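Order of writing sets the chain letters: A, B, C and D. Residues in each chain are counted from 1.
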Amino acid sequence: MSSVTGNKLKVSIFGESHGKGIGVVIDGLPPGVELDLNFIDCQMKRRAPGQSSITTERKEKDSYTILSGLFKDKTTGTPLCALIQNEDTNSESYDKIKAKMRPGHSDYTGYVKYKGFNDYRGGGHFSGRLTAPLLFAGSVAMQILEIKNIFIGGRIKSIYNITDDSKPNLSEYEIKKLRNMNFPVICPGIKEEMLYTISKVKNEGNSVGGVIETYVINVPAGYGEPFFDSVESKISHIVFSIPAVKGIEFGTGFEITQFTGKETNDQFYVKNNKILTKTNNSGGILGGITNGMPIVFKTAVKPVSSIACTQNTVDISKMENTVLNVTGRHDPCIVPRAVPVVESAAALALLDLILERDGEIWI
Amino acid sequence: MSSVTGNKLKVSIFGESHGKGIGVVIDGLPPGVELDLNFIDCQMKRRAPGQSSITTERKEKDSYTILSGLFKDKTTGTPLCALIQNEDTNSESYDKIKAKMRPGHSDYTGYVKYKGFNDYRGGGHFSGRLTAPLLFAGSVAMQILEIKNIFIGGRIKSIYNITDDSKPNLSEYEIKKLRNMNFPVICPGIKEEMLYTISKVKNEGNSVGGVIETYVINVPAGYGEPFFDSVESKISHIVFSIPAVKGIEFGTGFEITQFTGKETNDQFYVKNNKILTKTNNSGGILGGITNGMPIVFKTAVKPVSSIACTQNTVDISKMENTVLNVTGRHDPCIVPRAVPVVESAAALALLDLILERDGEIWI
Amino acid sequence: MSSVTGNKLKVSIFGESHGKGIGVVIDGLPPGVELDLNFIDCQMKRRAPGQSSITTERKEKDSYTILSGLFKDKTTGTPLCALIQNEDTNSESYDKIKAKMRPGHSDYTGYVKYKGFNDYRGGGHFSGRLTAPLLFAGSVAMQILEIKNIFIGGRIKSIYNITDDSKPNLSEYEIKKLRNMNFPVICPGIKEEMLYTISKVKNEGNSVGGVIETYVINVPAGYGEPFFDSVESKISHIVFSIPAVKGIEFGTGFEITQFTGKETNDQFYVKNNKILTKTNNSGGILGGITNGMPIVFKTAVKPVSSIACTQNTVDISKMENTVLNVTGRHDPCIVPRAVPVVESAAALALLDLILERDGEIWI
Amino acid sequence: MSSVTGNKLKVSIFGESHGKGIGVVIDGLPPGVELDLNFIDCQMKRRAPGQSSITTERKEKDSYTILSGLFKDKTTGTPLCALIQNEDTNSESYDKIKAKMRPGHSDYTGYVKYKGFNDYRGGGHFSGRLTAPLLFAGSVAMQILEIKNIFIGGRIKSIYNITDDSKPNLSEYEIKKLRNMNFPVICPGIKEEMLYTISKVKNEGNSVGGVIETYVINVPAGYGEPFFDSVESKISHIVFSIPAVKGIEFGTGFEITQFTGKETNDQFYVKNNKILTKTNNSGGILGGITNGMPIVFKTAVKPVSSIACTQNTVDISKMENTVLNVTGRHDPCIVPRAVPVVESAAALALLDLILERDGEIWI
């Protein structure tokens, strides 16, 4: 499988950055769900460029048209297709540099995979712009999960060397609050610190990355599979489709290796006839299956590859060394815009597992 | 999908720890590959318990029978099934504690998912023992990859608070050398230090985890997909099926967020008509596709959940709090035995991508 | 899977008859194939209504826009999306009869499956109009197959009680000739006979069906799978998605049961270092795998369900018996328009099998 | 996919006729189903050879061992693996004729597909013997369907030129009665007529085929998909994996083309608050989705390819023409043994659709 993911909820993505349009087909949605398009717009806006001084100044109007699968404002249960048309862009500049492989980008690997036939303009199908349809699909999935009282939200855990060590209180209120922030952090004052760092690297033509922490609350115990569709497998599969993601960890993650079993084993207890764990080092997942505690995972986002300096690279048409100066306006840090995309990835993975277990008619 | 993974190379796993047997069906293997059963045995032995003082003293004879798909020592191209029969084990002890959910294990999540009908003896289908058929399948995949000059090997990067900071020279020789070590580390003397730590926690009835670093060399550029089957997606999907894995990162991984784009962008150059990068922060993958550099990833393995102390937990039959004392002999640290399992997961993911791109007859 | 089919070549279909548009996403196409849009137009035209006196007089402009996956007239290898926008149609009439389940149509089964939320206007997602994107995808597949010298064409074998017993000479020339006929038959004069029958039932407000025979020539031996993706399995899977199809048979099909093994066993012989069979009762497939002989199969298309008479049915909103008079202009016989759709189904099934075996880069 | 089929209920088949064993892994079964092994045995026996004078006199003991997925006589919800061990057979005879491609068999297509590496003894993976694990899986599925009051049974509709025109009364009683007959026909006396025909062709070293009609009753309306997993698509996909099947038709099938729409449109009516149709020309399926009426389909089984006469064929090692005399004891007619196999195929297809729609926990 390539552009299609999911077993029961199938998401099929298409488009190139400078083609006619990008979009997504979502198959397997339960029928009869009233879609809140405002919610989708809010999520889309969080990802869209041009939101603040630290994002690219390009204006992309990510307005979508729903072509199918929605009737009288409700899902029909048949495939829902959303199309985001691309605006006319001046693509000529790309022809001049098309043979120069931009370091950190997919120019070279895309060239090899597609034998040079892929659309190289603006990254083509590899463009970060393709996260817009992914986010659209995720926003639909999030709404359906919320009917089941499941809420997903994320925050910026760190940017470069600045870390927000505050811990959220994982409630519906807190998660919605994070989603309403265009720069979702918890510790007061840390936003300014992070923005300052980003501005600084921006002025230097440099870039930075960071870590996103994502939360999913109120997932009942029992979703996921031991082999091979563990909750971690499903989430990581989609998250690693997001450009720039280089790592994922669940619960205490890599840090758990710094502790002993006695320190990190999550002990069970009963409260109000519900089974809970005192700690949540496992991030809500045991043996690949949800245990009813919040799902918590962190995602590492690398520094943006487009940097304003002379870089060594190759000219693939001549197979010789050359240098490249990328011009244009680029995000110095993609982390804030990636937060809702990671939320979407988690929503798609979980809704798929839920639909598989509970069936297609559960509303 | 649950017990089946892969698009072109399909791996279907089955069995419970105390049932009649465990095994695997591998479908989509190219025909005509002469299997080296010695190599499989070596890999199986690395995972098997009872290898050293720090692993469980239980003796499992992981001897397998190949039931199909092999004819005159060569793969036929039809499904290859390998069966590992379980020996008679005394399973009665499990009945007494079956209602007590062991912390850190899948007893509770398995109970909920399977409505209490799953085989609870020794973890049942969730047992770490199920990694034996996974490893078998991976060992077959590794051999086929080696025909294409692709080699996979891993090493223990850290155990608890002890880290091996040495870097391997990523050659076929080095990788094979690591595979021949039952405790694969690079820095001289660090093995003893790690073993001492493990013995210490063992004596305390405690456990520790660690980090595994895995290498894949000589994968040509061009394998993998932008959406949704990136190399990272494929590898992480299988790796997260291995019990106890809580994190995965590619190349510089989470640490890359501590650097700027200028510091971490891997610049290209041409050498002997081959395109290489000076650094390999991306871990051999750009835009989800191999770039020809070594694939490098790290896996976090949590401390073993079976610890010799009184733990709080619940009795699920009564829905009340209780305490649990797990007895029996358990590994204080599963990391060394997990190294070849992670290698196998990588092999299965990569061979699937290669067969998808290159077709089924390429020998 | 529902709206997505294929393993390596994935086709994802979407849309409703009276929604904004219908379309298809094709994933897994080999890169670098120059698409002949004229060929696609010709095939689309064969399916389009309004072609002759015997088809519905509605004029649908099935003009498509390729939104992605095509760059400088060649496939990129990334998902190709084609959109057919629906024109403004007066859909109000459907509201009045929406509770009356049309016999032979999917109104009732769609109502139950989608809990009444599906778009009922003009059949919605069940509309025969959805065969337009299927045909688009098939036309792309046919072109790629022709690069490999594989040609697909079909003919009307029978309409109602009139059968064309002539046998085609299965050459590229003959197949192309059939494809260029808007009413593809072989026996001279039989077209007029069939058209007369269709006109007659049309005037009576009645409808008829027929049998389509489809040919695929020059498929080399060795494609397909014993279990479970036999060539017959793959072709029938897609063909049975075409509305009105009720049967499929390969080679001599059901008639083979009227003969003995001695009469029907296809004996092999060598000619010009090629293995052939003297007869082709197997329809080019043995054990689910192509044997190099032409693939031949027949498809039964039922009479159109929209007939101009009073029919008994139910009002689902009241769960009571009622009568229905369907008005409007309908095809009295869909068989001629279905011929290229069945060709497309065969093309998609075969290209998928070929890409799976030969890999994605074979041009 | 090849040896694996199904979306939610995955069936993975393995083995060769003369290898160590054949078997099946069934994944996605609901947990807690008490399996009636007697029922499985009865179904297995219907397929087994040596049941009567007209089947092969070889005695195959198709006794299976359930290796996993069953605990305390109930399904666990984890993969259920059943193994049928092959007995020691004298396979030497096959070496002498291995280069001679048996007409009508898969020797040639298998040779090409697997590059000559497949196990040629007794048909290897192509052997009709592989229907035993398929039947095992189907027998498990049938039991689960019966919990939902869904019953499946089949009958011999015709053998060679003898047709049983009687129509069954589609009740649970009638279906079970058919399943209890080793030669299931309805018309009194027709069994003797058919057996006489079979004996006659047997004495001539010849073979015949026939048509099987299969019934599924009490499937509620609403299961199946418009694109691409129609009930017809799902059933035909598995049925066409059964060796010797060359055609399938639903409801009135090909014959429906001999009638007009007015004659064949199934009109709806309400009875006891249930929607029914007066006729069932559609075979219980409209738009790919069940309509609550009995599912009825016919399957064409070709004459057995092993015939006792001199046949022309090729020697593939020399690429030259030769003649072949197949010796040994073979079934002159496989139809009676194929009846329960087709039932199994239908059961697997339907249970998969039901589990997809209703979820995995519905008992």
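Following the convention adopted for this analysis, a residue touches a chain if its C-beta (ideal position, glycine included) is under 8 Å from a C-beta of that chain, and two chains touch if they have at least 3 such contacts.
Source: prediction; values computed, not measured.
Ranked by separation of Cα centres from chain A, the top chain is D.
Comparing chain pairs B-C and C-D, the larger number of C-beta contacts belongs to C-D. One simple way to say how far apart two chains are is to compare their mean CA positions; for chain A and chain C this gives 39 Å.
In this assembly, the C-alpha centroid of chain B lies 46 Å from the C-alpha centroid of chain C.
The geometric centre of chain C is 26 Å away from that of chain D, both derived from CA atoms.
Multi-chain contact residues of chain D (touching two or more other chains): 1-4, 7, 13, 78, 113, 125, 226, 361.
Those residues of chain C lying in contact with chain B across their complex are 7-8, 78, 226, 356-362. Looking at the complex, you find that chain D touches chain B at residues 1-4, 10, 12-16, 19-23, 25, 27-28, 31-32, 65-69, 71, 74-81, 83, 113-119, 124-125, 361. Listing the residues of chain B that touch chain A in their complex gives 1-5, 7, 11, 13, 101, 103-106, 108-110, 112-113, 125-126, 130, 134, 158-161, 201, 206-211, 221-230, 232-234, 236-238, 240-241, 243, 245-254, 256-262, 264-270, 273, 275, 277-278, 281-283, 285-291, 298, 300-307, 309, 311-314, 316, 319-321.
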